[in-house]
Amino acid sequence: MSRLSELQKRFKSNKYTGFGSGTNNQGDRLLNRDGTFNVIRNGQGFLQSINPFHQLITMPWSYFNTMIILVFILINLSFTIGYFLIGLEELSGIFHTSMASQFIEVFSFSAQTLTTVGYGRVSPIGNMANLLASFEALLGLMSFALVTGLLYGRFSRPYAKLLYSEKALISPYQDKTAFMFRIANARKNQLIECEATLLFNYQDKEAGTRRFINLNLELAKVNALSLSWTIVHPIDDKSPMFGLNQKELEDMNPEIILMFKAFDDTYSQVIHTRHSYALNEIVYGAKFLPMFKRSENGYSTLLELNKIGQYQPVELPNS
Amino acid sequence: MSRLSELQKRFKSNKYTGFGSGTNNQGDRLLNRDGTFNVIRNGQGFLQSINPFHQLITMPWSYFNTMIILVFILINLSFTIGYFLIGLEELSGIFHTSMASQFIEVFSFSAQTLTTVGYGRVSPIGNMANLLASFEALLGLMSFALVTGLLYGRFSRPYAKLLYSEKALISPYQDKTAFMFRIANARKNQLIECEATLLFNYQDKEAGTRRFINLNLELAKVNALSLSWTIVHPIDDKSPMFGLNQKELEDMNPEIILMFKAFDDTYSQVIHTRHSYALNEIVYGAKFLPMFKRSENGYSTLLELNKIGQYQPVELPNS
Amino acid sequence: MSRLSELQKRFKSNKYTGFGSGTNNQGDRLLNRDGTFNVIRNGQGFLQSINPFHQLITMPWSYFNTMIILVFILINLSFTIGYFLIGLEELSGIFHTSMASQFIEVFSFSAQTLTTVGYGRVSPIGNMANLLASFEALLGLMSFALVTGLLYGRFSRPYAKLLYSEKALISPYQDKTAFMFRIANARKNQLIECEATLLFNYQDKEAGTRRFINLNLELAKVNALSLSWTIVHPIDDKSPMFGLNQKELEDMNPEIILMFKAFDDTYSQVIHTRHSYALNEIVYGAKFLPMFKRSENGYSTLLELNKIGQYQPVELPNS
Amino acid sequence: MSRLSELQKRFKSNKYTGFGSGTNNQGDRLLNRDGTFNVIRNGQGFLQSINPFHQLITMPWSYFNTMIILVFILINLSFTIGYFLIGLEELSGIFHTSMASQFIEVFSFSAQTLTTVGYGRVSPIGNMANLLASFEALLGLMSFALVTGLLYGRFSRPYAKLLYSEKALISPYQDKTAFMFRIANARKNQLIECEATLLFNYQDKEAGTRRFINLNLELAKVNALSLSWTIVHPIDDKSPMFGLNQKELEDMNPEIILMFKAFDDTYSQVIHTRHSYALNEIVYGAKFLPMFKRSENGYSTLLELNKIGQYQPVELPNS
């Protein structure tokens, strides 16, 4: 495959990717669809490997809420057992006589203590119950302080969400072709000082390694991502994709990786995100349809985010 | 319009603005008066398009407070209905007998539970009411944790507020003229490492596109914005405004855009802000009046922020 | 004064200081002793000029605590009046009969409601009191959420505290002299990537302006401020202080300004701070005494922060 | 020792380290094993030297929790004494008659007030007790607000944890040797834009000073630390370790210091960390074993963190 050898000579590998270069000791795809690295980590004890705060602020809301409720029930059950062990004579105001209802009554007393509601219809009167209830109230406050921090952590986490066109296109560009895809900001946050880097990653089957080549961009930086941004790599003689037909491209099993960096003006934070297009996500001979236009009153620009992936077939020039 | 063609040749367009270049598919003005982009976004489902935390920390205080009170009433109404459905015999201490007063009594019991006040004059005694009240107290704590985070988020959001002179002036400058306007820090925060970029945006009617040209500044960077800063673009032969009369300028429908960046020393955050001057905000032949002077005791400098926009007419040199 | 004219020719003014250049419209000293700018701001309405969050997180603790207690008393007084207006018959459990004791009892009931303690010995029983108490409990929670945010804001604010030698010295340096002073980190935070910029600011009486000249430093950057750092400006022929005797220096009324920047490794924040030395804080012919040594066990380095300003007289070489 | 003199001539010292250069006034090792500086600070009053927030968010969890419980008990004891001083007749609902049980009852009442549980079985009825309880409830809320902030501060602190190979190796590299060690991210946080700087620090016994020389790296920067990173310093003729035998190296008492910087994509924060290898942590003639491989399903890469320090003996080329 002389084409590949030629590539190796003409284009300098980017060794700074941090992805490693072995083909035999790595998985299929470097980036998952959500931009995380396709790496499984093991060899650490469970406690060493987790940062509980990190887990708790990144888990889905459904998990988080379920966990809160389960922990609440669990703590209350423990204290309920505690009050039963001490003896119900140390609680004043117990009304029910059946075991089940007494259990619910004490459980509710515990919940009233943990949440610091403390109606006082049932209240501790013996020494042990008094001290246990004092400790439960302290624990309740501490847990609640923790949850306050977690909720704030969940909400305030920098959270860039970009929309990507589902497919990348090989489109006509000037008198040649270009590889292009389209991004837009899914949030109302203002993203400014945006920078894009595009890596062409392919398997060099001869050398048995993965190689990474930086792709030139028509525009690698924009001041603000207020509209959509079509990221365009011209397939000219400075491109590793130049002169390759679809079959040759397939043989290289390429993955084209976007590294995106911007400043989120709303949270005053630098954000980074990643995305990749595999072979089956590249469409030959198509161009994107416009996704913004003058608004009806003529005063503003209207950005139609649902059109981000819309394209139409188009004939490519002979390249 | 040979002047425009000439401009196009002599000055390099800045394509990195992220504003797009179409004149027919864009609105009138690129930046709103408050520095946000004049873009309307649609095509996303409501839930996808909003980041609730972002909405809640950026909405005006009057909205926020109203929302808090409405949500408080709504939650209490729901639980009030819940307690009625369970039956008032499961609550001990109900005093009133008329329906309306009972409703208020149960509503208040619910509010006491949600806020964890829990006087206990009315308190749950039946199993269902006990459990519902336990859950309401948990919900109350969670909601409150959330509000704590929101309030902190609202307060701690980086918030640069610059004052701008209402008008930009064409003033005498050395032996020519200059385009200038004045900014100052509206807050007591110390803004340091300040950088300004000025873009000249006009409609190239021949080509049917908007073009952006960077304007040279007398001073593009200051160490600290402790006083006012007059941002000065000298209209010399390196300026796209050189040699244009007022009529020609009007035909270009220009919008002059400031991109401002600084480091907020108080919050240790980089802040960015934007502003633009349209044609009707430019005054020909005027100069700014001084806005700081030695304080009366002679020890400090007195900065008079209300004078930021004050100017007086002045004759322009023939340019 | 030919020396000054010469200075003006030989050294390029730094115009990027943001301090302004007028001598007649500015105060005596540009920086206060605490590093803030010696600028008084007026001309804004009270509400426009303040950022309440900023005020509340920067005021001294004694003010903050006093304010909390006063606001607490004030809110309770208002609600106490409210409950009296509604009528004490709407509160159950009022025990006292004298006016003063009743007032304290209702005030305490209000405090129990605002803090959500809610003992319930006194509790609302009428409709109006029920609703007012519900609202007070909500207000209590909101206020408390606010205070939580404020306390966190106060604590987490980036807070570099440098120690400076009280005096700057003119010391022997190699075979000439140097202007030097000493800084150290007053906190245990690790400050890394530290950068210092030194400005020589003097009054050019002929031209009636202040001028700023950058001073060369022996070392303008250190990787970490783990020990002390003696900031040294060699007074050689590249220095504006070269060849000036003490009298000439006095005539220029100089203020030497340090701009310091570092990365606080503990809070992951960039911090900036400023300091200046006026004429009466410069000592001719002295050198600093060492302030760190090998610890007694020989394993560590011992940094003695109380010695930061200690110096001894020394003879200067003829320069 | 001509080798050292030669070093001094050929390699430029890095004076920007901030470590100081004296050998007689410094400790043995510059960096502790945990990356903190081996410096003891004194000479400040206790209050000046501490930043309480910093102490409270960096102390171990066991200390923190113990402190919370002790402070809780201490505050309650103080208020308990206060209520006794006022007299138990100002509290309604006291049930016990023995001194010890009364003490526990009042202590528990205090705890119920401080945590705002407020059952109300015991409640203040006299004026003084009413006011003291109001103040205690306010204090409770404030303390709790503080703890909420502290817990959030503890959790959200930027916290890079790198794994280092226990030993650094002298391994074969191309046709020479190289000094190398291996790092990996111990957390699931994504570390990107990683930069490494390596300093060779040795004692120049002739001159009586420590010297620092920057070591060239095969790769000083990687885009992402998703796998492990072997940091490699080739021992070629540009290395100060070139041509030194083990004995000569020992005489120099070297400490090789890593300064590591990265951007934590999860918390959107720049993080810095340091590590050093002393002489007894360097192994001659060994190479690292692989620590990542293709996962069993072939789709992902499997990173085995427990293998980070594993190496095997290997023969070194004659250098």
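Think of it as A, B, C and D in the order they're written, each chain with its own count starting at 1.
Here is the rule we use: a residue touches a chain if its C-beta (ideal position, glycine included) is under 8 Å from a C-beta of that chain, and two chains touch if they have at least 3 such contacts.
As the structure is a computational prediction, the values presented were derived from the model and not from experiment.
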Overlap of the subunit A and subunit D neighbour lists contains B, C
Across the interface between the identical copies subunit B and subunit C, with over half of residue numbers shared counting as same and under half as different, the residues used are different
Turning subunit C onto subunit D by a C-alpha fit takes a rotation, in degrees to the nearest 5, of 90
Where does the A-D interface recur among A-B, A-C or B-D, taking recurrence as more than half of the contact pairs being identical by residue number? A-B
How big is the gap, in whole Å, between where the Cα atoms of subunit B centre and where those of subunit C centre? 27
So, in whole Å, the Cα centroid of subunit B is separated from that of subunit D by 38
Can you list every residue of subunit B that touches 2 or more other chains, as numbers and ranges? 112, 116-120, 144, 148, 152, 267
Based on the touch definition given at the start, go ahead and assign the chain network to line, ring, star, complete or other. complete
Contact residues on subunit D for subunit C in the complex? 15-20, 24-29, 36-44, 48-51, 53-54, 58, 92-93, 112-113, 116-120, 123-125, 127, 130-131, 133-134, 137-138, 140-142, 145-146, 148-150, 152-153, 157-158, 259, 269-272
Which part of subunit B faces subunit D closely enough to touch in the complex? 116, 118-120, 148
Report the residues of subunit C in contact with subunit D in the complex, numbered from low to high. 68-69, 72, 76, 95-96, 100-101, 104-105, 107-108, 111-112, 115-121, 144, 147-148, 151-152, 155-156, 159, 186-190, 192-194, 219, 221-227, 229, 263, 265-268, 290, 292-295, 298-307
